[in-house]
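One chain, chain A, links the two complexes that follow: it is found with chain B in the first and with chain C in the second.
Coming up: the complex of A and B.
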């Protein structure tokens, strides 16, 4: 019995940003195209060179653990399902004043997961005008925790005082 | 004016456009959004939330430029409003209250009027008790309209409905009533013709032309009568009487049907949505005679228009509107083809509350005219047999024709009540006895000219004091020599 949730978790390991997710979506689509092509060679071999090495290795590992269905029809259905689930992944838009490092991103993603209890994909935008802090859009809510916004509020207050 | 960023900071809620169907979009996010709330897109596009689904909000977009999938939108926590001010007078504006006449933006302080407020309750309403003169003799006598009344103007295309409405506007605007003409999905050149007519009559300073042209987004056309009514309410609250013309609501219903079908609402009769009656009733309910906070009585009189096809007044929207309004004036295509102007069919027209505004003499005169017209129509049927007609039948036909001549009125002429009384007084006192209808027509044209010069100002004052048709005939009879002199010497 194939554990779809387990496969999804494995494939989304190390996926933190919208870009990562888009790459993964591209890889899954590519893998899906190879299901009926290339004869009875294992899928991880067939897709070698067409997808990212990380994804190929994950598929190889799933194959060795016999976690992927052997039937091609079932495999194609699994990939379609995966695509749907990946597109439905919860996203948060985060505006920062700098490009975050991988380490920082991992921390950030971990913090989000701990706060919300689910895996969140971050759509990172860079806007230097916010100076520091961040702007966050999540689940329809918008919060501005930027220094730029605070400075503007202070400036407005000062101007009002002068007028 | 606040923009997307301002609203975003204020409400703290953001969403994204998920799909676009013409001018309707489906938005995800915005957890606290409410129906009828305005939302604003990143590019400044405005929309109104029509309905809420489990994860999506259905939004009618008023601006369709730059609409793309995934476009961020923000809540505003406001309903859609129209900026109303005195500056709108004498201007042509769109449903947003923006000037579209090329004369620059609307100046001055503006009040944001909600386009769909709750209509005044019964405790604020006052009986329709004051006549609204349209300046069109046949209407003022046989189908009278009162201030605060909602009278449907129904008829085929090109039967003179707009001409009548413009005459009514010109007459009312000259009496300091604020007149709002809402053009719903009409062509731009039709709007220009209306503007030119009102400018020519020197009354445009008391008028507002609110237009949503056929080329505008369907949602904007749908909202235009509401925006017009909101502007009317602004002037009403300022203590001014308002006359609003909604030209036309059958067109409005068609645009609403388009929106509803795009929204995948279940189509009902003639594919109209089930709430089509409600949306028109809710709109027209806002008109009426209202007591305002200062204790004064002010009115919004509404003249909605409905178009018929080959004189069929039994259509779905037409009958709906007849049920909503306080009567209707029917423009008959058959009368129009016979050359009757205005082509109003008095026997198929109704005014449910207009008669209570009239003085007893007007009611009695109307009764006399109605009886004579009915006899005339019966005698005409007899005359079709081609037999030699008895004297009485000939007299009835003759009188009927002369009444027709008095009621015949071109687009330029506005007949005030005093002149209507003089003409009917002359007719019933036998002034034109023995003269054929064509000669009477010439006399009436001459009288109209003399009247405009003020030649009958003394008689005018006297006839308006008459209390019964007999008294009127006596008064007019007393001045017969003066009329003869004015006409024939």
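Coming up: the complex of A and C.
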């Protein structure tokens, strides 16, 4: 019995940002195209060179663990289901004043998962004008926690006082 | 047996004789009707001949009537045309004559009217001349009086105009000063706004770069904690 939840968890390991998710979606679509091509060769071999190496290794690992369905029709259905679930993943838009490192992205993703109890895909935007802090859009809500916002408020107050 | 045959033969012979007799009688009867049939045939021929004669005569009479009718119609048309031309000629002559008479009458009436006016104007002319001299004097007197009045009025109006002009200039000056003040205030505001924008941009560019990466990350985490406290997550 194939554990779709487990497969999804495995495939989304290391997926933190919108860019990572788009890359994964492309890889899954490509893998799905190879299901009925290339004869009886293992899928991980057929997709070699067509997808990212990280994704190929995850597929290879799932094959060795016999976690992928042997039936081509079932495999195609699994990929279609995975695509639907990936597109439904919850996102948070985060505007930062600097380009975050991979470590910081991992920290952010972990923090979001810990707070919400689910994997959140971060849509990171860079805007130096916010100076520091961040702007956050999540679940239809928007907050500006940037220093730029505070600075503008202070300057505005000061200018009014001068006039 | 022979007797019977003889009787039968005799009966046959009698029958033949009877038939021959009947044929003879019928032929004679037909011969009796022959003269009547000839008379009937003659009468039929006579009636047919008479009918043809009547028909031919009728056709001849009808043709004659048609010819007469056509001739009469053509004659009537010719007479009508002739009558129309004659009437037109009479009308033309009458109209020309009438016009000529009217023209003469109008000329005469015009001449009479002109003569009557000439006579009247020659008598009026003298009256007008004398009346004109009196009126001229009156107009001269009235004009002198009016000029004197106007001179006085103009003098006071000119003084009023000068006063009004002073007031208007003063009012315009005040309005212009207000416009200049509003313009100056507007420009000052714009300048303030630009100064504010420049200051803001410079601050954003400089302050952001002076913060190191760990402080940036710390500030982000603090912001997220704040979002958590505000139940955004």
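As a working rule, the second predicted complex is superposed on the first by the 162 of 163 C-alpha atoms of A that agree within 3 Å, B and C clash if a C-alpha of one lies under 4 Å from a C-alpha of the other, contacts with A are read in each partner's own complex, and residues count from 1 in each chain.
Definition applied: a residue touches a chain if its C-beta (ideal position, glycine included) is under 8 Å from a C-beta of that chain, and two chains touch if they have at least 3 such contacts.
Just so we're clear, the structure is a prediction, and the values are computed from it rather than from any experiment.
On the shared subunit chain A, the superposed partners chain B and chain C are arranged side by side without overlap.
In the superposed pair of complexes, A:98 makes contact with chain C only, with no contact to chain B. Contacts of A:40 after superposition: neither chain B nor chain C is touched.
The superposition places the C-alpha centres of chain B and chain C at an angle of 20 degrees about the C-alpha centre of chain A, rounded in steps of 10. Touched residues of chain A, counted separately for chain B and chain C, are more numerous for C. With both structures placed on the common chain, the touch criterion links A:148 to chain C but leaves chain B unconnected. When the two structures are aligned on the shared chain, A:116 is found in touch with chain C, with no touch to chain B. Shared-chain residue A:140: touches chain B; no touch with chain C.
Residue contacts after overlaying the shared chain place A:129 against chain C, while chain B stays out of touching range.
Of all Cα pairs spanning chain B and chain C in the superposition, the closest are 10 Å apart. 139, 141, 143 are the residues of chain A that lie in the contact sets of both chain B and chain C, per the superposition on chain A.
Taken together, the chain B residues at the contact with chain A in this complex read 8-9, 11-15, 28-31, 72, 74.
Residue ranges of chain C in contact with chain A, taken from their complex: 188-189, 192-193, 195-196, 199-201, 203-205, 207-208, 211, 213, 215-217, 219-224, 226-228, 230, 232-233.
Those residues of chain A that touch chain B in the shared complex are 137, 139-144, 149.
Only residues 96-98, 100-101, 104, 107-108, 111-112, 115-116, 128-134, 136, 138-139, 141, 143, 145-148, 151-152, 155-156, 159, 162-163 of chain A touch chain C when the two sit together in their complex.
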